[in-house]
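These notes are about the structure you will find just below.
In this document, chain identifiers A, B, C and D correspond to the written order of the chains, with residue numbering beginning at 1 in each.
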Amino acid sequence: MRDLTELRERLRAFADERDWEQFHSPKNLSMALIAEAAEVVEHFQWLTEQQSLALPADKREQVAQELADVLLYLVRLADRLDIDLLDAAEKKIVLNAQKYPADRARSNARKYTEI
Amino acid sequence: MRDLTELRERLRAFADERDWEQFHSPKNLSMALIAEAAEVVEHFQWLTEQQSLALPADKREQVAQELADVLLYLVRLADRLDIDLLDAAEKKIVLNAQKYPADRARSNARKYTEI
Amino acid sequence: MRDLTELRERLRAFADERDWEQFHSPKNLSMALIAEAAEVVEHFQWLTEQQSLALPADKREQVAQELADVLLYLVRLADRLDIDLLDAAEKKIVLNAQKYPADRARSNARKYTEI
Amino acid sequence: MRDLTELRERLRAFADERDWEQFHSPKNLSMALIAEAAEVVEHFQWLTEQQSLALPADKREQVAQELADVLLYLVRLADRLDIDLLDAAEKKIVLNAQKYPADRARSNARKYTEI
């Protein structure tokens, strides 16, 4: 897989071959997206933060699969809405840099707890 | 933004400049990921499927920002776990192709409702 | 089960007998809560709204179990924070009545899409 | 608010007075439910477990409102599916007691990480 563009095209073909476009409304895909994000959360819910940083290999492999599922639905949803993900990410990073200037945000937990 | 690799590097620098690594445990990032996925869901919760396919321009712009937020946390989380997202996506598509052969899955709503 | 108070007491005893208090921080319980909410979402993600109103008996039974799981973690989380759920619900309904006066909100989809 | 039955009746009247039944399909309500659960998660995502156990009063008040929102949508969703929440909770607790016998589960983190 070279990039997000190839991924988008393969997912589009995958859905098309199965006649699944009819199920892939943005509304439905947003539900699938959050259901997959929840699978990620489930892996971490009873772990300490420290444990979450040092996953055993098999668990890490499972988490990788869940992250892939999130990406798949995210790319599919963006495609259905004709949104360019990298372009949107670029814009968001610029906004975030204005919102949290590095010199003031440095090590500032309040920035985190109050956003 | 060229690709996910550049995005990963920029997010890493962004967190580093703000001394935010301490907050970015995979556990915490999984929570931020699902919170952003929920912002996407919120845009669609009272819309019909049909309406979700024909968003007004300003609403579509807002959804693009939420999708960007999901991508940002997804990339950051993968980075903290040293997971290659495109590689994981590739593997998952292969698995899905085996699980849902195109000829049998064609237009099959049951495949959807019973997985 | 008579009421939420009995449910709270039984869940407290259940955790206590298993020495699970240590895992039941509000942070962790909020993750478990959303993971269970996602199980509910999963049942509906590929259904039309109409289909979601007319579930087959076995599916309805499964959804009932997921709703129970959400309630269990919600009650447990409220208990750990010493929050009275019915009291909080009462307050929220009063707030909502002020926010959405019946005469103006009547049949107003915009109230929904723009909140 | 005396109990869940009164809450259900008040929410039913609230929706009826505003002609909102049309938006309250179980599918839509499951989305609203998880969006509210995510508001809870947001409060805790950058806190340590310890901090989540010792919220300042104003933050605790905000979390109480979010928990109320989760309860409101949970009760509304159960009502639309004609599910008795306390009855479902009772059944689930019995199942959980069989699944995690107190003597074997005692202080067992593995029971948590491997379910």
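In this section, contacts are C-beta pairs under 8 Å (C-beta built on N, C-alpha and C of every residue); 3 or more make two chains touch, one makes a residue touch a chain.
Keep in mind that this is a model prediction, so the values were computed, not measured.
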Compare the contact pairs of C-D with each of A-B, A-D or B-D and report the one sharing over half of them by residue number. A-B
Which chain pair is joined by more contacting C-beta pairs, A-B or A-C? A-B
What's the distance between the Cα centroids of chain A and chain C, rounded to whole Å? 25
Cα-centroid distance, chain A relative to chain B, in whole angstrom: 2
Two or more other chains in contact with one residue: find those residues in chain A. 23, 28, 30-31, 34, 37-38, 41, 44, 46-49, 109, 112
Using the touch definition from the top, list the residues of chain C that touch chain A in their complex. 23, 28, 31-32, 34-35, 37-39, 41-42, 44-46
Report the residues of chain D in contact with chain A in the complex, numbered from low to high. 30-31, 34, 46-49, 109, 112-113
For the chain D and chain C complex, residues of the former touching the latter: 1-4, 7, 10-11, 14, 17-20, 22-23, 25-28, 30-31, 33-34, 37-38, 40-41, 43-44, 47-53, 55, 60, 63-65, 67-72, 74, 77-78, 80-81, 83, 85-93, 96-97, 100, 102, 105-109, 111-112
